[in-house]
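Could you have a look at this structure, given as structure tokens, before my questions?
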Amino acid sequence: MATETIVWLLPLPPLLAFFLIVLFTNKSKALSHSIGVGAALLSFVGSMVVFFRALSVEHFGEGEHIFASSIPWLPTGDTFLRVGVQIDPLSAVVLFFVAWTILMIFLYSVGYHNFGQPKGDHDHPGLPPHGATVTDAHGHKHTVLSVEPMYSRFFAFLGLFAAGMYTLVISDNLLTLFVGWEIMGLCSYLLIGFWYAKPSARNAAIKAFMTTRVGDVFMLLGLAYLYSATGTLSYREIFYNQEVLHHLAETSSHVFGLSAAGLIALLLFIGTIGKSAQWPLHIWLPDAMEGPTPVSAMIHAATMVSAGVYMVIRIFPLLTADWHGHDLTTAMSVVAFIGTFTAIFAATIAVAQNDIKKVLAYSTISQLGFMISALGMGAYIAAAFHLVTHAFFKALLFLGSGSVIHGMEHGVLHTGNHHVDPQDMWNMGGLRKKMPITFWTFLIGGFALSGFPLVTAGFWSKDEILADAFAHGHWAILITLSTAALLTAFYTMRQITLTFLGEPRTKEAEHAHETPWTMTLPLAVLAVFALGYGWVGIPEHFPGLGGLLPNWFHHFVGATLLEHPEAVEFSPIPLGISLLVALGGLTLGWLVYKDVKAGQPDPLQKPLGVLYPFLQNKWYFDEFYAFFVIKPMTWISEEFSYKWMDRQLIDGILHTVAQTALWIGSSLRNYFDKPIINELLGDKLGAYWTFQPAGRALSKAQTGRVQSYLIGAVAVFLLVAAALYLFIF
Amino acid sequence: MIDASQVIFLLSAGLIVVSAVMVVSVRNLVHAALWLVSTLFGVAVVYAVLEASFLAVAQVVVYIGAIAIMFIFAVMLTRRDLLSKSEQTNANWVWALGLAAIVFVALAFIISGYGASLNRLPAAMPEGYDPISALGNALVSPEGFALPFEVASVLLLAALVGSVYVALNKAKE
Amino acid sequence: MDFINTHLLSTILFFPVFAALVILFFPKEQVALIRWTALLSSLVPFGLTVWLWTMFDPQAAGFQFEEIYPWYEAIHSSFHLGIDGLSLSMVLLTTLLTPLALLASFSVQDKVKAYMMLFLFLETGMLGVFLAMDLLIFFVFWEIGLVPMYFLINQWGSPKGEREVWSPFGSYITSARNYASLKFMVYTMAGSLGLLLAVQMLGVLFQTYDLATLVAQWSAFDGTLFGMDASRVKVIAFWAFTIAFALKVPVWPFHTWLPDAHTEAPTAGSMILAGVLLKLGAYGFLRLVLPFYPVEAQQYAGWMAFLATMAIVFGAFASFGQTDFKRLVAYSSVNHMGFVLLGIAAAAKAIGTPDATIALNGAVLQMFNHGLSAAGMFFLVGVIYERAHTRDLDKFGGLFPIIPVYGGILIFTSMASLGLPGLNGFVSEFLVVRGSFPLLPVFTAVSMLGLLFTGAYILKGIRKVLHGPLNEHWAHGEHKLTDINLREILVMAPLMALILILGIYPMWLLDVINKAMLLLFS
Amino acid sequence: MIPLSWFLYLSAVLFSIGLYGVLARKNAIAILLGVELMLNAVNINLVAFWRMGNLALMTGQVFAIIVFAVAAAEVAVGLSLVISVYRRHNTVIADELNLMKW
């Protein structure tokens, strides 16, 4: 099959799986997950074929050396808007990690939703399963995990989500990228609100959708601007066309002194702020943890939030259109500022979270901030590299945390104490013995996130960002990101220590249990990538290791850009910083939390003082938005627009007109019609004196007999005929 | 000079007029209906005189055979009045007589007004001309009167259904 | 066959009336017979329209399948029918929605015969507007559609509703369906007054009502009239036309009849009202205002865009502020039709340019798309109203497990209404935004606020009905809700299929629209 | 050979007699009898004009036949009405059926 055909077909299996499951197989759990996983596998195989074919093409990414194909989609006057698919080096590497993580998440979901377990005793659709009571051979009753009541639906949604992500990756233009982007938005809404009967999940779903939609409408505006300025939305025709870019950079947008290119890039970037949960639109992502864990992994690591960064990487030529390699342009500074601030801001919040998934959520926000920051400084390769490695190790961490929670739920069902929150890290401890596979893989993921030197992928990618910041002299960014990296290592170690090390702090943790193979296998596979993927991007001048392996990632992805970016010169200073913050943070985390006993408060609480509740409450951003955005908007909707403007102002004017007319009418009636016309002219003159007597007299003619009428008729006829004869003919 | 056909015509005209007068004047309705039969027979003779043979036969078969008989049946079904020997004309009969007379005078006046042109005599039938087949063709050919003919048949059907419906004895009432 | 070939448009136009007359002779107890006759006979115009579609040549300029009969020769009006890509797509929408609305009306129990007959008359009224090529005929059909709709709302509207009529002189409570039907009637009639005057002026001036001739002569006209300069007269006539159509669209601030009428109308009435009747106004803009008054439209494009933006933004806000499900959907129509007008305003600003063509494509496609999704939404509201006898969002909650199929369909249709890419609404909204952004950047940017709130109210609807803890009231006993039944699914299925098809491959429709726009406005 | 005017006078006489019957008779059936007479008068005219005019034009005869059909229909409906009325009101006297009286 031609590679282009395969590329076209990539989103199809999961999409078909969605329709098949929704329409036909939703009653059968086994059939549904077979279709779902099978579809993911098909797309995975296709993606791998495409990826390895891409590797075998020489000078892949330069000029026409890509896989591309397009069709006309929308007629626009005399021209067509064409849409199509394209695989260039950037989309190839993204496709690679997307395919892997999606497949792993599909597989993981089978175990996570307790396939094969009995139906729950009191489970309802829309609520997480509560467990089922079974009687074993000896007559003892056990409470075990029960299967998710909406199991099939979950796979349908995952399928649609995967279809959206594949669409986004293979697009050759921003419009279909936006299509995939929004389909994922819908799926994230559906999946976060998967347990929709929980008010918290329901609200989180709406929050996610609406917050990202804020970004999306700006992005749509950006698309419209870009399209009207260039007449196309295709990557090739805009981002790989110096003339167009130059023209856009020269044109003023009349807004804040930005060039057209800068404004478009910023408008599109606002879409990313929403989608990748950057400050100030980050608020949805932590709440999105209400969804089942595979969803969190899917949305927060592998696909959706990555899509935001992917888009900025795509529009990088536009963002940097009027950049000459030295001082950052306004647009770039904005991007860099948002990214850097988000990185540190989210890291501080993560330090004070107790929920195992919330820590990861803030960590994701923070890591995405790293990438955005890198893009803002012009570090294209570093951002792309971190995007890929992060996707692997963050998916691993999320799935690992899901495994932990699953194990804890086992313990909760065993003790029957449902007040114990299986997600609270303070209820855990000592799980390394109970769940060894989960522990080791989580450890790998955590170390990758912290940037543990040399062996983990996270080290290489994060180091590259810091090196870029150093090389171009962005000191503020360098310091901030280093601090954020230190915090990252610290809270990661805090999480690992609290969860896995030490002694169990609750009975539930003692009875936790390792999860089935469908869950641990994905962990193991992702762990391999979390370690190994860094090796494809080792800088050439790195002492000792540099040059052993070629810096494949840099060469391959670098070919995506028109001007291949230069690798930054090696310097020991950022490397030293990297080592220091990673190892320092990890050590610190271990030291602070290694001896935490059950019931003991967070050791940080005392030294941080009032700062601790401030961090724990996420800098009070939710409250800020509730008061300054949601409340006024609700007021405008309910009171101003509807009650005041429509009901009172507009309808009031109408009713006033109507009542005035009524008043005029009733006055005429009461003071003219009734006394003069009706009574005087009508009743007296007309009716009483004239018509009534006449009527009475004439009524005698109404005999009711047919023949007398007939006689009258014949007589009149004769008269008329005679008259006609006499006077006319 | 009076030829044979004129004799026949005058005889039948006399029959028609006398019977018609009897139809509208006798008290017994059965008799009136029988006088109608006689009138219609006279008319059939007139048709024959006019060489409209099909109509003459149809007049006998349809009018006398069906319609007049139907009248007799109806008269017998409403028997109470059949037995009544009271006055059979209403209070306005003088007016009616006057009007009928005026109508006759007016018609006669109009007819006489045409004068000599009405003294025209019938032309002889052309050789080989068959008025019955001509009538048949006229009734069924699309250039002729097929559509009115069909409409008339629909009318008959409607009348049939309608009269059955109207006369139906609704047991529940 | 020959007859149908040469009289295709009049057959489509008058078949519903013919069917209504047949139904007139059915005994009124034979409810099933009446329903099925109405449904099957409304499928005939649909089938003929599909046939028409296959024979239609989008490349050809001018009108096709023209039919012309003498009608009112004394004032030079003739019964002139014709079709181009614009009217064809609207006719398709009308003939598609009417059978669905009739199928949706199978649950109507009261005065079925009159209901079905009115509905078929309504179809002819709407089709007449789209097919008329004579200004007077256009006006006649424009008014005809009003009467059946009035009775549908007044007689078959929700019987219990009450409406507070507020004015500075005091307020009182009245029957909601009377209020709504009267408001609908009076509003439209008020707009028609100016329209009628302007139409008469044109007819008297040029001794013809033929659209094509009038367009040519009127734009060339520059004498004096009524002692006024031609340009002045044109401005006045422009506003007469614009207000009449703006009332029907409806454009802020003339929109307040819409939530009342939509809310009180019977389900199928709302479907047609939102699906087709609103399009009459937008169609009037495209067929009459832009060709007749290109200069004036350009001059006042900013104002039109302002009103459109207000409709988009405040429609969305007001929709979000509702607790009545149907009213929420009704306000969403204001919001969506605002995009149609925004596209038209943008096109008016720079008629003939590629941007304008894109905006017009978007506007027409949005008309079609809104017809599908709004009809679907109203129907779904009707489905749940028939079961629960309430539309109060606060009384629902967590119904998804009880009515899963309904829930899925509701989410799907809501997403179409929200403009989710991959479904139809997105394509048209994108085209409108794309077309109007370069011409009216500020208004387009502000209208994005409306787009944002579109999401808010759609999600509010889903949240209040389907999600959240289950309201046990609906789960057991006599109030137990039943899931959507087969007939209702059959109503939704064609709509959903078209929503999906138009979202993924809009070319088949957009191509016809695009060519029509190019031929009309360049 | 009979001139046209004879038929016309005969028809006029018959028509007038029929008219008198319709106007004067009390019994509804008798009224219908009068109507029959009038119809026959008309038919005589039609046939006579056919005979005196162009023989190839069959309009006169065809008309007469259609009058036959109309007469049959009229009698059928009329008599059924009479019977129906008789059942309800137990009378066929036209004067007594004056429900329409003011």
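In this document, chain identifiers A, B, C and D correspond to the written order of the chains, with residue numbering beginning at 1 in each.
The rule is simple: a residue touches a chain if its C-beta (ideal position, glycine included) is under 8 Å from a C-beta of that chain, and two chains touch if they have at least 3 such contacts.
Nothing here was measured: the structure is a model prediction, and the numbers come from that model.
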item: Chain pair with the higher count of C-beta pairs in contact (B-D, A-B); value: B-D
item: Identity of the most central chain, Cα criterion; value: C
item: Whole-Å gap separating subunit B and subunit C, where each centre is the average of the chain's CA atoms; value: 64
item: Whole-Å gap separating subunit C and subunit D, where each centre is the average of the chain's CA atoms; value: 59
item: Subunit A and subunit B: spacing of chain centres that average the CA atoms, whole Å; value: 94
item: Cα-centroid distance, subunit B relative to subunit D, in whole angstrom; value: 6
item: Shared interface positions of subunit B, touching two or more other chains; value: 90, 92, 95-96, 99, 103
item: Multi-chain contact residues (two or more partners), subunit D; value: 19, 23-24, 94-95
item: Touching two or more other chains - residue numbers and ranges from subunit C; value: none
item: Set of all touching chain pairs, with the criterion as stated earlier; value: A-B, A-C, A-D, B-D
item: Contacting residues of subunit A [partner subunit D, same complex]; value: 699, 702-707, 710-711, 714
item: Footprint of subunit A on subunit C - complex, ascending; value: 165-169, 183, 253, 255-256, 259, 314, 317-322, 354-355, 357-358, 361, 398, 400-401, 404, 408, 411, 415, 420-422, 426-427, 430-431, 433-434, 437-438, 444-445, 448-449, 451-453, 455-456, 459-460, 463, 466-470, 505-507, 510-511, 514-515, 517-518
item: Subunit B-touching residues of subunit D, taken from the complex the two chains share; value: 1-10, 12-21, 23-27, 29-30, 32-34, 36-37, 40, 43-44, 47-48, 50-52, 55-56, 58-59, 61-62, 64-66, 68-77, 79-84, 86-87, 90-95
item: Subunit A - residues contacting subunit C, complex; value: 22, 72-79, 124-126, 175, 178-183, 186, 189-190, 193, 196-199, 202, 205-206, 209-210, 213-214, 217-218, 220-221, 223-225, 227-229, 633-634, 636-643, 645-648, 650-652, 654-656, 658-659
item: For the subunit B and subunit A complex, residues of the former touching the latter; value: 90, 92, 95-96, 99, 102-103, 106
